[in-house]
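Letters A, B and C mark the chains as written, and numbering starts fresh at 1 in each.
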């Protein structure tokens, strides 16, 4: 008995060691590029150009971080990423709210108010997300021009909303389908209308999937470069366009340390969203998105 | 007795469709009208700016006689297959491990998820250094004493695409992991316990019982990863810029350079149409089966 | 869906075009100068514009050798929202001029006698038909070799006079454990070497025939084969870590003595100067070796887009004058590392490499051996230049033979025609 228990315990111990070992090894692999980026951002440029790319810095300096935030030149304006950060926020917040809101109500209609052809509508919406964006730039520009929204943040918000609907609708539809129809039917009998049911029954129940949809949209929109560079200009550019202008030097000298610091600064909002909301993310997915 | 329909009733009946109509309108224009537009361009002689004449299938013929396009298509299939397989395998593995009541789960999850948050414009540079034989992993291992170790895939055209796969897997596994983890949390623990009592090993339990139960999670992961794979653009540009040679060209980078760099808008549009048709051939049957099932079930 | 579509299209057509509501006295420009020295140079111009009472509105879009900027321009043109001015590279300006989108600058050209001040070889890139459409600010020379003087001296190497000599010198260096040529696997860096070989071995007339006129006989001839053979020899002189290396890192290798030479346009000069190195003392600059010297030019120019707003037009006029101002051209190029596009700017303040560029340009203009650089878009049209990039890039990284490369080149060019 005693030996049995001991060997069982040993087997469990080996199992745990394997699990932790594997998880830590994977974590090390995943952190490798981040390590390179952090280390590089703390080096002086001369040190990097003398051939030190991956190793530890000889002298740690935070110069690159300060420069990336407030003095790096983006075109002839040398104010760092700061002002573009604001642009991105002004773009990403309405775009996330709009696309998630529309996705929520679409998902609601497509599950609780089904009509003939509603599945076809859903299929059509979903197929839209596989359209290569490089192909839509010019016609989209024409449409924005006609609407008077060319080169502006509202125009960019519109574009992100249009191309975000597919995924947000997918998320909410797959979530709402798990809410029993009886619930809405009962509410209808009680005299609740279309919007009443949506706002007082569906939305409160949808919190987890709202988090998922917002995280996904936030990441996609915040990191977008293609639409940003095409549909805004100059001072209304989002942070990725500014980041590109810092990083993508062709004929001049690349400032790798500032590049890396800028990239990490530009990623802070998404990182915060992931870390803070990461728990809800998994919970939200558990609650619905993965149930087809 | 039925009372006659009032205006309000009629409005109420119309409301769902009314609410859906802005989305339908937006997608009709933003997706389907633009597909028609792209199709029209692909049959035209457009070079720098759109021109609506008709030259038949000339641009398609030109497209398929371009070796870079053939490379791009081969790469897309190879890349997508490998990317999906490896990401799903590692993501699932991670999720299963993380589901074993791990301490510091939150920290580990954040570590696996963070790559999704970073823009590839710059992480590409970090990967480029890591994979460079005279700067990165190879040099570090060589310096440690294992002098015969080589990891120079990124310099070799025939295997460089695997480097793109590695970086792409790195970026997306966290997401797959999150979805699988969510799926696992949704499974009743008593199933595992019951199987254990019957004497099944843990590996068998997972392979034979748990994984099949994750089918919905698999489908979500596959859709999202295919989306990422087809859209992979920044990744290739930042990591290899489609090189060495044109060894890591992808349809999205091909389309961009044809349209905006080489003044071959017609060819670019033709490549977009080919891509769309490929996606349609794969996705439409999937959507059809999913939505049909939905019609019968639920 | 079709009804919906029709409805939307109708709405879109009825709505007015985007109002180009630019504020008074502003000049908005798209450009792809984003590095510190480039921005510093641009500030010379924008400050001068400011002194004229106009403000510069910056719309920088860096990356992909200007491709991101051209893409931004095209979407803005499609939206009916053009910038006041745009930095034009290669055929971009010519195409827009042919579309009728650019203003004719004949008036300021005639008034100021600018035509006499620029080299005739660049005319195809600033003039379409009878109309001037752009003003050039600078001229880079593409076919330079940059060398570390200490390394050259230590191994008894002097400026090579032919590619054979250059390769022989490279082999000596390689045996001595020095990387002879600092290069990358990026197609454009390889193409710079290849086109230098092609021109140096066969002269500018052949270059024009093969690369600009795309004559099939020239493209498939023995000259082309030999150029690929020579490029193959250069391949043997490159180190193993050449993958994805940025050109400035390669320049850094020459500066530190890790490598002996780099073949690169004169934007590389700034890297040496930034390290406090002196031309002729610490580093050498000499043209790629040719029996008959040639001058491969790359220019940046600005075009102005047609519009109805007199405030914008006034700003554009002031900008054009600013760019062509001789003093501005001098100060701009002192920072940028190139030489003024105007040939009548005094050379006194420039460094020795730039002075050599001035002298060689004068000689090349006189001898008719000044040609546009293929790599930077001043020779073949983009759809053909792209084929050169593909073939040369692949040749360099694979086991492809010269015959296969030539065949691939001919097929690719014919396919793109």
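Throughout what follows, contacts are C-beta pairs under 8 Å (C-beta built on N, C-alpha and C of every residue); 3 or more make two chains touch, one makes a residue touch a chain.
Small disclaimer: the values here were computed from a predicted structure and weren't measured.
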Practice item. Taking CA centroids for every chain, report which one is farthest away from chain A. Key: C
Check your understanding: Pick the pair with more C-beta contacts: B-C or A-B?
Key -> A-B
Exercise for review: Can you check how far apart chain B and chain C are, centre to centre, with Cα atoms defining each centre and the answer in Å?
Suggested key: 36
Check your understanding: Using CA atom averages as chain centres, what separation in Å is found between chain A and chain B?
Key -> 15
Practice item. Would you mind listing the residues of chain B that make contact with two or more other chains? Key: 24, 29, 32-33, 50, 132, 135, 256
Study note, to complete from the structure: So chain C residues touching two or more other chains come to 64, 71, 74, 78
Practice item. Hunt down the residues of chain A that sit against at least two other chains at once, touch-wise. Key: 138-140, 143, 244, 247-248
Check your understanding: chain C touches which residues of chain A in the complex?
Key -> 49-51, 73-78, 137-151, 229-231, 233-235, 241, 244-255
**Study point:** Residue ranges of chain C touching chain A (in the complex, touch as defined)
**Key:** 12-13, 15-19, 28, 30-39, 42-43, 46, 56-66, 68, 71-72, 74-76, 78-81, 83, 246, 248-249, 252, 256, 258, 265, 267, 270-271, 274
Review point. If you look only at chain B, which of its residues touch chain A in the complex?
Key: 12, 15-17, 19-20, 22-24, 26-27, 29-35, 37-38, 50, 90, 93-94, 97-98, 100, 102, 106, 108-119, 121-123, 125-127, 129-130, 132, 135-136, 139-140, 170, 173-174, 178-179, 181-183, 185-186, 215-217, 219-220, 223, 226-227, 230-231, 233-234, 251-252, 255-256, 259, 268-269, 272, 275-276, 279-280, 283-284, 287-288, 290-291, 294-295, 298
Check your understanding: So in the complex, which bits of chain B are touching chain C?
Key -> 24-25, 28-29, 32-33, 47-50, 62, 65-68, 128, 131-135, 152, 154-155, 157, 237, 239-241, 243-247, 256-257, 260-264
Review point. What part of chain A is in contact with chain B in the complex they form?
Key: 16, 19-20, 22-23, 26-27, 29-34, 36-37, 40, 53-54, 102, 105-106, 109-110, 113, 115, 119, 121-136, 138-140, 143, 159, 161-163, 165-166, 169-170, 174, 177, 193-194, 219, 223, 225-226, 240, 243-244, 247-248, 256, 259-260, 262-264, 266-267, 270-271, 273-275, 278-279, 281-287, 289-292
